[in-house]
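Consider the two complexes below, in which subunit A is the common component and subunit B and subunit C are the respective partners.
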Partner chain A sequence: MSQKGVNAQYRRTDGYVYRLTVGEHLLVSLHARGEEPFYALTPTGALLWESLAEWSTLDDLCARLIGEYEVTRDQAAVDVMDFLEQLESLQAVESRQLES
Partner chain B sequence: MTATIPKVSGAILKKRLVVNARQQRIPLQADVEIIATCNFNCVHCYIAPCAEREDVMSLEQAEILFDKLKAAGTLMLLLTGGEVFTHKQFKEIYLAAKRRGFNVYINTNAYLIGERWADFLALWPPKFMSISLYGMTPESYERVTGIPKSYQRVMRAIDLLLERGIEFDLKCPAMTVTASEIPAMMAFAKAKGVRFRTDYSIIPQEKGDLAPMSLQLGPQEVMDLQKTLDPGLSDFRKYAAVRVDDSTYENVYKCGAGRTTLHINVHGGVSTCSSSRKTVGNLFEQPFEEIWSALGGKVEMKYPVGHPCATCKFAKICIGCPATVEQLTGLPNGYVQMYCKITHQRAYELGYHPTGVPRTVTEGIPRHVVTPGRATARSLPILSQ
Partner chain C sequence: MKFGHLVVAFRPRSDSLRFSVSESHWPFIVEGLEPTLELSCSVGPISPRTDPSDFSIEKVWDIWRASDGSEEMIFWRGSREVPSWRLRIDPSFRRGEIEQAPIPRYGPFRADDSPMLQFVVVRALGRMGTLVVHAATAIVDNEALVFVGHSRAGKSTMARIAESLGARIPTDDRTILNLEGDRVFAWGSPWYGSLVRKTPEGAPVRSIYLLQQSAQNRIETLPPGRAIKELFVRLVQPRLSRAELERSLATLEELVGRVSVSVLHFQPTAEAFRLASGAAVPITG
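Take a look at the complex of A and B:
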């Protein structure tokens, strides 16, 4: 787990809108051009996206997953970091460092 | 359990959405007419000539609609008119749709798209735009639109959108006043790197005036144009090959109308699509479920026994559809001989009628065949073509 992950807070940007339609959890881009300006999320991804409405630490996000699913903290942490990296690559999440 | 964004291409995801929406009967796509008036006076138009100044959807009304559609599962939202850019609150309505997470499409004549609108669209890109084109010279353009400088303004708008990478296609109805320039329009679109499409079916005005029908191309004119656009009909041959079969069609509606799509007019009236002006209810006054159910009932309509379209092997390459038939005859399961003539002429050109187009098509269907709306259909002058 990177230091940034442990010592940071994350929040979703306002460049995407979440939609649940036809059984698909979708992130719809407000500013992207392209063939299909939306992405599918897994249900757990959708759960984290909801949490990211507020500034959240890795611990906050892991706790949300552990609260909903039977998963170890280590497993949850790996998943959350992967997900955050994916969101960062889409500029769908912003981060700030916590004071140490 | 994995929190992730699965690596699924947008196209595959869209296909999955469409298939599942069809199975679950979810209105994935909605066309919303936010204004019925237009800044062009096109000779063939079926909406704007019937429109009054007050035929405009307010921002508040649009937001009510958008909320209902979002709750129902709509993802693709087409904003159409009239001319949407003449709406005084178009920007607000467009952003209201975008911020609700719709993939927004726009139909426009592009006349009002200058630098400012182009910059706005670059910042807030629509999923796709469809621009109407009416000619390749100022004179021919104005003959259709009735508006000076319409050609120059639209050409400039096209360049502004291209410079900003906004995705759009160009389209033009094939009719007597545009047919000769449609090949040039197609070449123009190709040179610009955008898709061009045309449609061979003209429909009467919303309130029944048949004036636009005088612009309808006849069977041979349709074929002549189609052969110019598609030498040897090679593309059309491939298209027809997978659609011409001996199936019988109990259902009048074979498209997604009322199953995954709907159209909402400027007053909230809901119909199957933009070509159908017969509404089944009003979204400003009734719950969505009630109207969606009524629309579902409409598109379950069956052909009566003996209807020629029910057993026509060329039904899937017919230039008409239940909506245009409804506009012409008053009923979606009516019969329009003009469509029959054009479609069988196409079939003949593809080699499906080795002994020529059947007399039932050229001379009319036999008297014993029951066709709803027949009296109405037969009273239309276009049927004599």
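Take a look at the complex of A and C:
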């Protein structure tokens, strides 16, 4: 993942629509033709997706998880980075480097 | 022309403009109805835009979106060097202007030209919360059985079988679906398959089946979540706009709560259609 880490911020792109459909958290791709349009999110993923409406740091996203779930900071960081990498592979998230 | 509940009015921008509509669209011509979408039509040279479009299907069309939500679209014929249509449409999708390039052999304004008309209609229907799905429809006892499938799934085959057993077939390729009260209605469209069935007739939907050719005839009920996904990927509507996509999903969520959606594993026989038309209770779950 480019520019990832504590000095980066992340934000979701406009290429997907989130929808809670029949109890399932779905990301649906806009524009794409001939590709699988649906991606399922876990409730944790849905929470992070909501947070990614605004530019968020790794710390921001971990804090959101820790505030909602009984999870250690280290585990939250692993989960967040895994999630961001998956979103990046779908071009569903963009990142920018913070000035140090 | 009327498609489901959508009424598209084609207005000439000049008195000299004449329209042509192919025979396949004649049943859809109506007069005296309040239009849902009015298109001001003209024929003239189209200057291609050179700025990058917001979305493009290579060699077919480009879309530019303005900040007010209005859209400009150019359809290409043959290659991207030759624009054939320019459509400008307001943010509400209620009014638009459409220009046809003066291609001599076509003469008058071709109101039914493909893919222009189909694109306009499916987008406008989508704005109304109405779906257009790759499906044949058979009307039996004034209720519709909708057979959904991609190309070569067996839509026209099932329509042919249904017709031989007395069903009416408003379409064998593209069905319009909308919600009315607590029911779902299916309507024919001018866009047909190999059986060439195309009438504007509609009826309340009894059941929706996804066609799956198989060695054995049986019905497999789909849970709502899977039904939504299976129907969504068979929509004709392009996924161009967040609002339209969310509306399509919302309609599908409502739809699966009102009618059963099942997979029809079938052999192309009359027994398969009888199973579909008579099966009040799924055979397998």
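Everything below uses one rule, namely that the second predicted complex is superposed on the first by the 95 of 100 C-alpha atoms of A that agree within 3 Å, B and C clash if a C-alpha of one lies under 4 Å from a C-alpha of the other, contacts with A are read in each partner's own complex, and residues count from 1 in each chain.
Going forward, a contact is a pair of C-beta atoms (placed from the backbone, for glycine too) under 8 Å apart; a residue touches a chain by one contact, two chains touch by 3 or more.
The structure presented is a predicted model; accordingly, all values stated were derived computationally and were not measured.
Look at A:V28: by the touch rule set out above, it reaches both subunit B and subunit C. Contacts of A:V17 after superposition: both subunit B and subunit C are touched. In the superposed model, more residues of subunit A are touched by B than by the other of subunit B and subunit C. When the shared chain is aligned, subunit B and subunit C each come close enough to touch A:P37.
Look at A:F83: by the touch rule set out above, it reaches subunit B but stays clear of subunit C. In the superposition on chain A, A:C62 makes contact with neither subunit B nor subunit C. In the superposition on chain A, A:V93 makes contact with neither subunit B nor subunit C.
According to the touch criterion, the shared surface of subunit A, contacted by subunit B in one complex and subunit C in the other, consists of residues 17, 19, 21-24, 28, 30-33, 37-38.
Interface residues of subunit C, counted against subunit A in their complex, comprise 55, 57, 223-225, 228-229, 232-233, 238-242, 245-246, 249, 253, 256. Taken together, the subunit B residues at the contact with subunit A in this complex read 1-6, 8-11, 13-14, 16-17, 20-21, 24, 26, 28, 70, 73-75, 98-103, 123-125, 127, 165-167. Residues 14, 17, 19, 21-24, 28-33, 37-38 of subunit A are the ones that touch subunit C when the two sit in their complex. Residues 17-19, 21-24, 26-28, 30-42, 44-45, 47-48, 65, 69, 71, 79-80, 82-83, 86-87, 90 of subunit A are the ones that touch subunit B when the two sit in their complex.
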